[in-house]
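If you scroll down you'll find the structure; I have some questions about it.
Should a chain be cited, it is by its letter among A, B, C and D, assigned in written order, with residues numbered from 1 in that chain.
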Amino acid sequence: MKTPVPDYLASVLARCDANDGGALADYIPELAHADPNKLALALSTIDGEIYSAGDDQYEFSIQSMSKPFAYALALQHHGIEKVLEKVGVEPSGEAFNQISLDSHSNTPKNPMINSGAITTHSLIPAETGELRAEKLRAFLSEMAGRELSFDEEVYQSELKTAYRNLSIGYMLRTVGVLESDPVDIVEGYIRQCAIKVTVKDLARIASVFANGGIDPHTGKCMLDRMVVRQVLSVMISCGMYDAAGDWLTTVGIPAKSGVAGGILGVLPGQVGVAVFSPKLDEHGNSVRGIEIMERLSQDMGLHLMEGTPSAQTIVQGIYYLDEQKQIRVYELRGVLQFTETEMLLRTIQQEPDAPHSIVLDLSHITLIHDVGRRMLLEGIDRLIDDAHEVLVVDPDGLFKAETTDLGHEVKHYANIQAIPH
Amino acid sequence: MKTPVPDYLASVLARCDANDGGALADYIPELAHADPNKLALALSTIDGEIYSAGDDQYEFSIQSMSKPFAYALALQHHGIEKVLEKVGVEPSGEAFNQISLDSHSNTPKNPMINSGAITTHSLIPAETGELRAEKLRAFLSEMAGRELSFDEEVYQSELKTAYRNLSIGYMLRTVGVLESDPVDIVEGYIRQCAIKVTVKDLARIASVFANGGIDPHTGKCMLDRMVVRQVLSVMISCGMYDAAGDWLTTVGIPAKSGVAGGILGVLPGQVGVAVFSPKLDEHGNSVRGIEIMERLSQDMGLHLMEGTPSAQTIVQGIYYLDEQKQIRVYELRGVLQFTETEMLLRTIQQEPDAPHSIVLDLSHITLIHDVGRRMLLEGIDRLIDDAHEVLVVDPDGLFKAETTDLGHEVKHYANIQAIPH
Amino acid sequence: MKTPVPDYLASVLARCDANDGGALADYIPELAHADPNKLALALSTIDGEIYSAGDDQYEFSIQSMSKPFAYALALQHHGIEKVLEKVGVEPSGEAFNQISLDSHSNTPKNPMINSGAITTHSLIPAETGELRAEKLRAFLSEMAGRELSFDEEVYQSELKTAYRNLSIGYMLRTVGVLESDPVDIVEGYIRQCAIKVTVKDLARIASVFANGGIDPHTGKCMLDRMVVRQVLSVMISCGMYDAAGDWLTTVGIPAKSGVAGGILGVLPGQVGVAVFSPKLDEHGNSVRGIEIMERLSQDMGLHLMEGTPSAQTIVQGIYYLDEQKQIRVYELRGVLQFTETEMLLRTIQQEPDAPHSIVLDLSHITLIHDVGRRMLLEGIDRLIDDAHEVLVVDPDGLFKAETTDLGHEVKHYANIQAIPH
Amino acid sequence: MKTPVPDYLASVLARCDANDGGALADYIPELAHADPNKLALALSTIDGEIYSAGDDQYEFSIQSMSKPFAYALALQHHGIEKVLEKVGVEPSGEAFNQISLDSHSNTPKNPMINSGAITTHSLIPAETGELRAEKLRAFLSEMAGRELSFDEEVYQSELKTAYRNLSIGYMLRTVGVLESDPVDIVEGYIRQCAIKVTVKDLARIASVFANGGIDPHTGKCMLDRMVVRQVLSVMISCGMYDAAGDWLTTVGIPAKSGVAGGILGVLPGQVGVAVFSPKLDEHGNSVRGIEIMERLSQDMGLHLMEGTPSAQTIVQGIYYLDEQKQIRVYELRGVLQFTETEMLLRTIQQEPDAPHSIVLDLSHITLIHDVGRRMLLEGIDRLIDDAHEVLVVDPDGLFKAETTDLGHEVKHYANIQAIPH
């Protein structure tokens, strides 16, 4: 049997094929010459499985889809507080042009409009615009699993008509949000927008965000969870339209579009997606891209508010290890956040009082959050107070490794050891 | 052992006790006389377990927290499209007063500001303001599991100084958003705001929304999933602050506050929460309530962008039912949405080609979404095409019941039957 | 010979007759039934000569043209400072509806939008709405030189659909700008708008404002000059359009329109004008009325920036009264403001030093402003210091009457007496 | 006797001396080094008499006071309609920064904010920024009666920190309002702002505008009356504050300030004024300058709404030239606009019917407007129809010269001749 998922994606593309609306971006000659019929879609699960359909090998410039990644780099380097001093997180509303600043703070309203993105670019830790663009290219290449390159023609073409961005740059320099030559910063920002990607690259990069910052292919932590949370929060409220509420209700996937025709989406805990089709609507979003995102949301239930309950699956099984019923095993599966740990503890609390050993088998746990660790430690304390012996099977060291750092009292630790499965 | 969750809640309350900021609502005499020291917190899991701490028996008026529920009733009765003609879904931004309308449509920007809420109230299907308020009371009572009542003193008190709401009502009548006497509608709206609740009531009601519209205590479908999705989307973008982006990044829980001091939150798929403390900040939100919500988000990882991956736990076990290895069982657990079904199908596709029976045991599946059903049916088709026999164990009829409605080809159905476990 | 001025007015009307644009006000049934072909124009000089053409006996409701007069009454009674605390003087800009308040002061932006006019009405010193409307009617009647009456049908008709004004009234009550029952105030305001006038009434009333507050027919000071200055300033910036600059450049006459089809204009020092034609443009201004005002401005040079130099005419003649050339007479004509007095003093300073008497003949001076009096007194002092004897011919007591109040040193006064002409 | 006017000006300065508020402009180093104690005031009548006090020889850079003059040059060259396509005439309201454009037309709101002034500069008919600045310098020099020069230090200093203006320039280039390199235009604009003037220069230039575009010293028509009307209209609504209504009510003099500390005012038909004091308020207006303007308005009655009636002085005398009373002379003085001509015709219409000659003595008429000429011709026609002979004494050819151009019927002309006085 072959999984039908690729066929689903192909059929989504096929249904959009008839949609002939929109027009090529006209303000950059290079983009105006794009092939309007290109159409591609890719989807990556958070464990790294990638499905794709259409022109999935076709490279296009990343454009504004670079904004959330530059924001992520800035947040990772400076911390959220520092970046907030320079760029806000509020939707810009219906402002007809994006030059205006927040009237109280005199800073850009969010990192997804050009003024915020130029500021964000300036916060990538490197000396010049060229080096900052290179730093972003390297970061995206690592997540994409291949060396990405710049589209030099697009870069040169955009440089020539960069009036709006230069206007924004000088304005940001006036108010002190930018602290050095705005021309270098604007040129670096334009170069950042010229990184070439395919939908498969983007879906793969997006899956790192869907997976809380950990690259599913390498297991490497690329970004702190708090950075990912911040980036995705800003994408959902400021990423797509002036009309944030419309996108949130009808699609409900944190997303960002680029003027070359790409749209990138991240549904946390579930999937990363990317689409490409060059014809744009009046907001500068890919017409077919929007339609595909809507189908993914409506037909496939991919929406932020379609919460998937995971608590009920945390306890995979409960059984006695021995015939005397002296050793009782809790086989766990999934991740331990608040709701899963609450369910686990609620189940354990029905354990009879008689003194016997309890084994918590974490072999199939893939992630333990802080709150899960703290709650689990507290639960183990209480079991010990009730005269149980507790053993933890933790082959990957998820639990042990970090709990010692937390300075938890050592006396309980004597009892917690891995037992062979 | 006792689960430590109640102690967590108690400790959250204890830490907020020192926070002495804010002031009682002063515009309504009845609210100005509230006891400023009352403090309560309740949390409900989506399977209906309720934890609470503090003054959890204390009744207060629901006020603006009635808005999302009136919106839900209106959506359920009229459908999303009809309601969108009357009330939008966009954040209202920094408008200093909430009387103004969307400049294009001349309708209220969203149902969480007063103009939108008064309009929403008028859409509850009943003849008079009093009957509409009664309808909402009955709806909330059913979800709360007890008969709620009106606070007649608060109602009378607010009627006397309802200048702002009368102003809004007449303005809505002018532009035709309201189609009958605004005084009756405003009085009904004020009555709706006077429903008395406790934090436990609210948490229980919130858990219905966290559970996709199904009451975990009764199993009854109170609201369509699309309605719940819509309500929660609007709560996250418009529920708390003018500054939607700030709430989204720092708390990330769809929420609504009431001027009596309550805050209600829903994290889809995970929990419903409610807090109460009467002293308010300058935005009219409970000061301690905000602090508690922040702690729940930051300390307990309850944030919309902390996606809980559920795909990896869908296949709980795979084993042969017989010694000849002719019957292979897939034991499933959880819900079947896109990502879980994708994982299941990906696992099944490694099944060897040899003709043997495959049993899909859905006994521990609690919900199958449309997309999950469609994908599973397609997968079963393909297994049958590969000459497998497929049997589905479906004691609750989750799968069978509705697939026949979908008109799926009958020929496969001969093979799909419940087998005894 | 007959002056051709009436023919000019008639020809202006004739040329507008072809203009068929606009539509009758539709929101009030009584106005919707107006005769769309009525057309009238009246013009009053500041000495009270009235010219008119067309349906100059036709009565219509004053509507918003009552606003500047209610403002004048409020200013006259409370003083400018007090009124400014309640209502501003800034154009409201492009706000699509006029409910919004100034974001800093929370008060209406100006007295020409409805929120400001309702507030202004509440400042007319009388107990009830009915009495306030009556007070305004009496005030206008005195200036019009006949008893005006209310259009009771229009009043009743507007009361029934007063949603917008009631909305505004309640909003003003909420923010404390109104301090009593908004329903009574709104009803009083609506009654004020139902005063019936003809274009001749309006032109006559307007001429009082053009004449600095003094009724040219009675010589009675109806309003302080500072009040008139304030009212006209607000009319020019806030009276006609959202687009104040457009009106100021193309017409340049302080004006106010009413939704029944009237437009009232005041060119200070020159004329009062009024036009009437019931069909309105999308801003609610009379279409033909606007065209007529434009013609008056462009064809007849009636524009605020067409300053008429009056200094050069102040000295009508200089001659010796006697053969010995011991008594030299300055015959003056016009008003004595800064520029005229400057010119007079500049002329006098060429007077030879030889000691002789100087007679200032004020017989044809119609008005002496404060600054003119002060400058003239100072000039007289200096002439006396130069050993001249100075005599002032002041049959109307314009100069003497008030200078004594100013406490000017008495020693010079011995020399200042009326001499027979 | 010496006229006390200079003493008035000196006393106004003396009273402002105590006002120690404000701060030097800090954004340009050259301005930050100005002597904060400089204080000067000049006033010019419309016949060219100049009074001054304080540091009236001190030169400072004209800065934003160049804006109305550049606007005048653009209007004179392109016509009002063409210029309106590029720059509006509406107050910009409370916009916190002046980069934003009118949301409908995408053009600057008015020529007094920087975006409008940069656009206006680009409309001065010359090839480069340097030549455009030179053209303005020459124009101002001619009106000032001496060769003005550029302050090269100020120019160089402003060039270095021209971030805001460059931002505006690039934005205007983006939307197509500017059609060539914005850097050259911005540099030209900055150069235009560096023209050095004294208060006497400014008052003299202002008097040309007060005099309807005719230089009182040379009699040369520098600007069309319609251009002057347009410039002054824009100055009164957009020249000084964001709060146009405040300036209009409390000062009522069309004015423009410059960041070096100057303020220029024009009261049409009366005076041109200029003040200088370098310390600025938070709006960038000279603190003492504002105070002086307020005093001129309030103490000296110089306010646009203090209309000076000039009609009543038009007929200086009526007498028979001969003993037989066959020749009756009307001695006229002043200007002939609508109101004066109306008064003249009203007086003449009381002329007895008996056939005799009527002499209109225009020797002391200084200006005849179009409307005055047309009305007078019509009156003469009617007198002739009544069998009068009419003779016009017109030594300066004011009447005759242009009436022939109007193509008025020749038959009446035989009767109209200059007679010796």
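The rule we apply is simple: a contact is a pair of C-beta atoms (placed from the backbone, for glycine too) under 8 Å apart; a residue touches a chain by one contact, two chains touch by 3 or more.
Because the structure is predicted, anything quoted here is derived from the model rather than measured.
Considering every other chain in turn, none proves to be in contact with both chain A and chain D. Distances between chain centres, each the mean of the C-alpha atoms, put D farthest from chain B.
Chain C and chain D have Cα centroids separated by 24 Å.
Here the spacing of chain B and chain C, counted between their Cα centres, is 62 Å. With centres set at the average Cα position, the gap from chain B to chain D is 67 Å. Of all residues in chain A, those touching 2 or more other chains are 103, listed in ascending order. Of all possible chain pairings, those that touch are A-B, A-D, B-C, C-D. Against chain B, the residues of chain A that register as touching in their complex are 1-5, 7-8, 45-47, 49, 88-91, 93-94, 103, 110, 210-212, 225, 228-230, 232-234, 236-238, 243-246, 248-249, 252, 254, 267-271, 299-314, 316-317, 333-335, 337-340, 342-343, 345-346, 348-349, 351, 366, 369-372, 375, 378-379, 382-383, 385-386, 388.
Listed in rising order, the residues of chain A touching chain D in the complex are 96-97, 99-101, 103, 163-164, 166-171, 173-174, 182.
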